[in-house]
Every structure is written in C-alpha cells, then in structure tokens.
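You will see subunit A twice below: alongside subunit B first, and alongside subunit C after that.
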Partner chain A sequence: MSITFKEVEHIYSENTPFSYHALKGVNLDIKQGSMTALIGHTGSGKSTLIQHINALLLPTAGEIHIDDFLISVTDKPETLKPLRKKAGLVFQFPEYQLFEETIQKDIIFGPKNFGATEEEALAVAKKVLKLVGLDESYLERSPFDLSGGQKRRIAIAGILAMDPDILILDEPTAGLDPQGAKEMLNLFKKINEQGKTVILVSHDMNQVLEYCDDVVVMNKGRVERHVSVDELFRETEYLTSLSIDLPIITSFILELNKNGFDIDPSIKDINELIQVIGGQIHE
Partner chain B sequence: MEKIIEIKDLSFEYKEDVKTIDNISFSIEKGTYTTILGHNGSGKSTIAKLLMGLLEKKSGHIIVGGIELTEETLSEVRSQIGIVFQNPDNQFIGATVRDDIAFGLENTCVEPSLMDGIIEEYAKKVNMYEFLDHEPTKLSGGQKQRVAIAGILAMSPSIIILDEATSMLDPKGKKEINSLVHQLNKDKDITILSITHDIEEAALSDYVVLLSDGHIIDTGKPEDVLMKQKEIESLALDVPFAYKISKGLQAQGIKVNNYIDREKLVKELCQLHSKK
Partner chain C sequence: MNNMMFGKYLPIDSFVHRLDPRLKIGALLLLLIAVFFDAGFLGYAILGIFVIMMALLSHIKVSQIIKAIKPMLFMMAFLMIFNLLFIQRGTLLWSFSFIKIYDQALTQTAYIFIRLVLIIVMTTILTATTKPLDLTLGIEHLLSPFKKLGFPTHEVAMMISIALRFIPTLLEETQRIMKAQASRGVEFSEGTLKQKIMSIVSLIIPLFISAFQRAEDLANAMESRNYNPEAKRTRYKQLHWKFADTISFICVIAMCSTLVVMSIVL
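Here is the complex of A and B:
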C-alpha cells in the first residue's frame, strides 16, 4: 500500500469569508511498510492531511493515490468505501467515540458494516482484543465502565478489527501514563513489523526518535521535510528553529555539545550515549 | 513551615470493600510545589476530588488551612482551593472569556461595580486580556486552560490543584501552563499540588508523594524519592533521565554525583570534560 500525494491543496469553506487554506501544494510519497511520524505545530495541517488518506476529506486540487485508488476533487466519497477498510484512522481521544452497550458490539460494528457475518466478526473481535492486551472476559462488559487507558484500547481494537493495511494514529498516547504509552507504541510497532504501514501523528519527539523510521514535518500547510528520523535529528539548527520539544536525549546532547563535547545528536540509545560521554571525558 | 494541607488516615471506596484510597497520611507545606506521582488508576485524581469535597471520604481527616473538612466547613475549605482539570473543553462555562472568569465571582457576592476590574486584572495575569471578548471555541487548549486559571485566581485561592492539567495540551500549551504555574507559585506564594505521571516534572518540584493502588509508597524531596530505582520501576514508572546517565557513568568508573536535574548534571559533566 503506497501512499502518494501530488500537488494536493485543501481549502476549507472555499469562496466564503471563512475560507482557510490548510494544505498547500503537498507532494508526499510514504513507503509501504514504513512507520512514519507526522509532526508539526497545532494548526500546521497534520489532521487535514491524514483525513485525505482515507478520503474523509477530498482535496480541493491535486490527487492522492492509495495503491489502485485515486482520490481527486471530483470523486464522490461513496465510491471510496472500500478504501476506508484499507486505511484505518484512529482519531485523537478515540475513547469518546465508543457508543455501544458492550465491548463486543462496539468492536464488531465495523467488520459487520463491511459484510462480515456475526460469527466471523466475533472471531475477529476476540483476536483484536488479545492484540490490545485485554482478555475475552471484557467482551460482555460496557465500554463505559473502563478506565481511560482501557477505553482507548477498545477504540483501537475496533479499528484493528477491520484489518487495515494502513493504520493512521492521531496522538494515540495523549493522556496515557508512561507504561500505557509504551505498551501502545509497542503494539503499533508489532503491527508495523507484520508489514502494515503505520502513520503516527505525535507531539512527543521521544516517541518519534524511538519508534519511527521516517518523519514528515508539516509547517503552515506545507511539507517542509520528509527524511529518515536519524537525518532529522542530526539537523540541529533546523530542529531548534521548529521550536518543538526535542527528545530528552537529543536536547541533553545539544546542551553538552554547547559546552565542549562533540556527540552525534541522532543517538537514540541511552547506553550508547553513556559510552560516548565516558569516552570523551576519559580521552 | 506552616502546613496548609494535612491528610490523616484517609480512606475512600467507590465500591464497597474496594479501597481506592487506603489509609493514607501526608502533609503539604504552604507555598511549596508538590507533585503527586503515580500511574493511571493509582488514585491520584481521587485525592484531588476528596480535598475539594467532591467525593465523600470513608474515614480519616482532611485539614486545609487549619480547617477540618466537614459538611459544615465545605464552602470555607473550597474557597481556599482552585482546581484545573485535564480536559480544557470540559471546564468552560461562559460564552466569552469575560463571562467565564466572571462566573466564579458572581457566586461569591463580589460588588458588581468591582467585577470588571477584577476580571481584567486576572486576564492580564494569564496573558489573555486581549481575548476577553473572544468565544472559547476559538481558543487553543493552552489558552483555555489559562482562562480556567484566571477564573480560579479571581477567587484568590491559597492552593491550586492541577489534575493532569497539561496532559491534553501540545508542547506549546504545556510550556505556557507550566511557566504560568511556576510563576504563580513564586510570586504569589500560592501552594501548588500537581497530579501527574511525568517524572521529569516531579524532579523539578519541592516535594513528591508517590502513590500506587491507593497507597503511599514514599514521600519526600524529589532527590530522595526519585533515585530509588527499584521502587520507581516497580510502579511502572521510569527514573529521571539524568539519574540514568549519572548511574551509567559511575559504572564506567567516572566520578560523578547522582542527579535528577539535567541542568545540574550537564554542568558537572562539562566541568569534568574541561579538566581532562
């Protein structure tokens, strides 16, 4: 499943006084099977961009190719329903979108909508529940009796139940504790290693550095960079100009480098960093 | 130092015989910045709600500013505390920023002629003066939380509780709120009680209460509590980054002190580097 954007524009409420130019000339080629981070300030166009991948939004100019699907200005969203199964989008705080009285009903809603029988959908529900780290006893419970972190897992299970080839996640770990966030990211990494393309919108650069291969930087509706994570974190001047929160490890290295050390800022592993600092003190 | 919050043998149950808070005691000194640290579901937010009298304790004592919280003293205790919740969208009441800040004041018999002046003063304090007549829907998450704080400040509380108040904000919003809160703590001597699972925030506070499954695991200065690696990791938390680096370097035979504050560690490492 390759994802290609060609000269994509999106203007909200075009030709009205409220018109807002959210995407400007976006060209992008996301590799199949990659785990790509999408970063940028609030309002930079990240959410608008990802909603084009499953055709929740249509471009106001340009086109998007998702494998054999072509999404363009003139398409009707109804003809794009099969695309929605291929590209699963998990919004921010997806737990607010749970609506059924039991977890089972909530998870099987999607597969049934795409033609699965009750039994098939139930088998899938059991499988995905296990994937997100919950056992079958949860099936009969109400999603509203769970903690925030558990609700988030259920909502994500609902998307996984559609077995999408592309998984798009908008800030999936916001509000989770460090352990919950780690488990969630390990799950996405596992799904990615099974060959699925994962796109992760995140403000947490620690996660980007640790889990992603590539990174797309959005700024004022444009794609400013599309590089490997290592490359991005070596571009220290550019990173500082973005005024994002650097990963703790990167900002620590930059502070040391300001004061006489000479350490590669793209180091991700704390043990490697300790070795390098030790080496430079001993030299 | 004067104790502003005292909690003694406090217990609370949502369901019978399942103790969410199990016989905890701790106290907080006036003017300090305290963090309550624990994983999701550890009981952190329940403590905040108990302090505000939003939940009724099963047993024990809560004393705020020398007054024991009871049904009779509820409003007296509440008037000392302001709370900022996690979701900025759930705490807006007014149709404009001005109305929102006014809401609390209207309930406290403030002379109407004085109200505008008070509202403007606190809007300025949180840098939201120019937004006074804006609609809340057009504000960013960080701006909404600042309005919530202005509304609280207008009630002149001596304590502000932050219940994961920045966890839904982007990095810019987080910075805005963190610097505002630290400034209030310094300038106005407001006691801050921050409920969080961010160990790096806890490392910069005056005092830490470490909570797990409704029990207090440890309390004390961050440099005492957060360096207990086994204890911290057993709670599914991570020790501060600076401490991991200090320990790793010591294992390599480098004589460096243990730190939880990254700035201090950088300083010492750079001194070692320049001496070589």
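Here is the complex of A and C:
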C-alpha cells in the first residue's frame, strides 16, 4: 500500500468569503510498511492531509494514488468506499464516536458496514480487543461505563477490526497518561511490524524519535521535509525556526557534545547512551 | 451543511453592518408586520424596491440571497399549490374535472409568494449583517422594558446567546462525527431505510453525548466563576445610537406607514 500525493491542493469553501487554502502543492510518497510521523503546528494542514488518504476530503486540484485507487477532483466519495476499509483513520479523541449499547456491537459496526458476517466480525472483535489490551469480559459491557483511556482503546479497536492496510492516527495519545500513551504507541509499533503502514500525527518529538522511521514536516499547507527521523533531528536550526523542540535525549546529547563529549546524536535508547557516556569516561 | 446560507453572518463591512442591532431588529419586526398589509401589487413593488436597496446597502450578493431562498422552495411550492386549489372566490378562470382555478386564488397565491420571498430576504439581511452576539444584545435591550413586569430579560438573552454560540460548535461536531463514522464505512446518503436509520443513530447518539457533556462543562465553568443571573452587570460592549440609525429608522417608519395608508385607501 504505497501512498502518493501529486500536486495536491485543498481549498475549503472555495469562492466564498470563508475560503481557506489548506494544502498547497503537496507532493508526498509514503513507503509501504513504514511508520511515518506527521508533524507541524496547528493549522499547518496535517488533518486536511490525512483526510485525503481515505477520501473523506477530495483534492481541489492534483491527485492521490493509494495502491490501485486514484483519488482526484471529480470523484464521488461514495465510489471510494472500499478505500475506507483499506485506510483506517482514527480521529483525535476517537472515544466520541462510540454509540452502541455494548462494546462488542461497537467494534463489529465497522466490519459489518464493509460486508463482514456477524460471526466473522465477532471473531475479529475478540482478537482486536485483546490486541488493545482488554480481555473478553469487556465485550458485553457498555462503552460508556469505561474510563477515558479505555474508551479510546475500544474506539481504536473498532478501526483495527476493519483490518486496514494503512492505519492513520491523529494524535492518538492526546490526553492519556504517560503509561497509557506508551502502551498505545507500543501497540501501533506492533501493528507496523505486522507489515502495515502507520501514519502518526504527533506533537511529541520523543514519540517521533522512539517509534517512527520517517518524518513529514508540514508548515502553512506545504510539505517542507520528508526525511528519516535521524536526518530531521540533525537539522536543529530548521526545527528551532519552526519552534519544534528536540527530543529530550537528543538535546541532552547535543548539550554534552557542546561541553567536549563526542557522542552520536542519533542515539535513541537511554541505555545505549549511558553505555556510550560510561565508555568515554573510562577512556 | 456548510452551504447553508440562511442565518449565517457575513464578515464584511457595509452601511447596514454598522447600523445599531436594536434598529435592525425593530425595523425587521415593523417590516414583517407591514408585509401582511394588503397594499396591492403596487405596494409590494415599492416594498420590493426598498428591500433591494437594503440588500445593496448591505453588500449581499444575489447568489447568496438565492442560496437562502432555495431551502424554502419546497415549502413555498406546497403553500402555493394549496392556495391555488382551495381558494374558490371571484370568477372561474379554468377548470379541469375537480381542479378549478379562480382569479382571486391566483392573486392570493402571487401575494403569498411575494410575501415569503420578502420575509426570507429581509431576515437574511438581518442575520447576514448582524453578529449573533450583537443580535442577542439588541434583543436584550429591546426586552428590557419588560423587566419591570418580572420578565427574566437577562436569562432569556443569556440562553439565546449560548444557543447561538453553540450552533457552529455543534455543526463542527456533527461533521467530525460524520467523518469518523464514514471512516467506519457508514454512508449517510445511500443505503436501505434500515441502513439509513442506523447511520443516523451512529451520528445522533455521539452528538447528544457530547452536547450534554459540553452543557455540563459550561455550567460548571460558569458556576465556578460565581455566575449569578440576578446580579446587576455592566457590559464591555456598548450600543451607540448614531445619526445614521435615526435616518434609517425614519425611512423604515415612512415605508411602513406608506404601506398601511395604501392598504386602507386602495
């Protein structure tokens, strides 16, 4: 499932006093099986961009290729329904999309909409519930009795149950406690390792460094960088100009290097860093 | 949903935009009453020119006015057909089995059409040129004489302004939930009746939950800041009656009295 954007433009409410140019000539090529972070300030066009991947929004110019699907200006969103199954989009605060009486019914809602039978959907529901770290006893409970973090897991399970090839997540850890956020990200990493393409919108550079391979930086409707995580965090001046903070570990290494150390700034793991520092001390 | 023109404020600057909201609300009320005086086609022509002038002064485009009329077309057609068929006065013009068309039915139907168009255009001018908060402020000022009779003016105005304030929020929320459910394979425009009901349910329930949640949050926020509806309060935003408002008011009065006089004389 490769994703290719060609000269994509998007203008909201064109030809009205409310018109807003959200995407400007976006060219992008996201590799199959990668875990790509999408970063940029509020209003930089991240949400608009990801809604093009499952054709919730159609471009006002340009085209998007997703495997065999072509999304262009003239398409009717209805004809692109099969694409919605391939590209699962998890919105920010997805817990607000729950509506069924039981968790089981809510999880099988998506698969059933795409034509799965009740039995198939139920089998999948059990599997994804386990995947998001909840046991089968939850199936018959009401989603509205759960805590915020658990609700979000159920909502994400509802998308995973559709078995998408591409998983797009809009700030999935916003408002979660650090432990919950970590578990959530480990889950996405696991899904990515099963061969699925994962696109993660995030404001937390520590998450980007630890979990992602590539980074797409958006600014004012344009894609300004599409590089590997290591390359991005080497461009400290560029990041400062966007007032994006470096990951804690990277800025710590840079601070050490300023004071005479010589450590590879692409180290991501705290234990590796300790070893490297220790080694240099013993020399 | 974003194409809805009726009741939407247009953020531009014009003569009508700058007028006092009290004047605009009062003028609309007077003109709405005047519309129902039977001043003949000549009267409606004069009122029509007056309304067109108001639209021009408020810089609203014709396309925007047409957009506002469009959603009402079905109701208008319905009303007109009923009037045409059920008013049986005057001379018979045309008949076909049970369908009989009389000349008075024709004029009455034309009147109804003109009245509805005028009402929609005038209301659109008010809402397009007045910010929702100014509207509420105007309503509160106009209602203030009733305070002495024990009418809860401030509470009503607060309720209206909260309701108005949350319309865009709820629309946004609706769109967000629609998109989230569309991502789960819901099609809002297609499918059998059962599927359609299911898709509406998947929209309404989350919408209600978030609306109640918002209401509770807002109530808590107001209470934690010690909001007291009975307290006497001052306003940051003051209304200033200007010379242009007086002139406009005189014009509206003149227009309305012309129509009333015409309806009596003719």
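One rule holds in what follows: the second predicted complex is superposed on the first by the 263 of 283 C-alpha atoms of A that agree within 3 Å, B and C clash if a C-alpha of one lies under 4 Å from a C-alpha of the other, contacts with A are read in each partner's own complex, and residues count from 1 in each chain.
In this text, contacts are C-beta pairs under 8 Å (C-beta built on N, C-alpha and C of every residue); 3 or more make two chains touch, one makes a residue touch a chain.
Treat the numbers as computed from the prediction; the structure is a model and nothing was measured.
Novice: Considering only touches as defined above, state whether A:147 meets subunit B (first), subunit C (second), both or neither.
Specialist: In the superposition, A:147 touches subunit B alone.
Novice: Who does A:270 touch here: subunit B (first), subunit C (second), both, or neither?
Specialist: Only subunit B; A:270 stays clear of subunit C.
Novice: Does subunit C touch more residues of subunit A than subunit B does, or is it the other way round?
Specialist: On the superposition, B touches more of the residues of subunit A.
Novice: Who does A:195 touch here: subunit B (first), subunit C (second), both, or neither?
Specialist: Once the two structures are laid over each other on A, A:195 reaches no partner at all.
Novice: Touch check for A:98: first (subunit B), second (subunit C), both, or neither?
Specialist: second
Novice: Looking at the overlay, what does A:175 touch: subunit B (first), subunit C (second), both, or neither?
Specialist: A:175 sits against subunit B, while subunit C stays out of touch.
Novice: Across the complex, what residues on subunit B touch subunit A?
Specialist: That would be residues 39-41, 86, 140-141, 164, 167-168, 170-174, 197, 199-200, 236-238, 241, 244-245, 248-249, 252, 254, 262-263, 266, 269-270, 272-274, 276 of subunit B.
Novice: How about subunit A: which of its residues touch subunit C in the complex?
Specialist: 13, 17, 51, 54, 56, 77-78, 81, 84-85, 88-91, 94, 96-99, 109-110, 113-114, 144, 158-159, 162
Novice: Can you tell me which positions in subunit C touch subunit A when the two form their complex?
Specialist: 2, 10-12, 176-177, 179-187, 189-190, 201-202, 205-206, 209-210
Novice: If we count contacts the way the header does, which residues on subunit A are in touch with subunit B in the complex?
Specialist: Answer in residue numbers: 41-42, 93, 147-149, 174-180, 203, 243-245, 248-249, 252, 255-256, 259-261, 270-271, 273-275, 277-278, 280-283.
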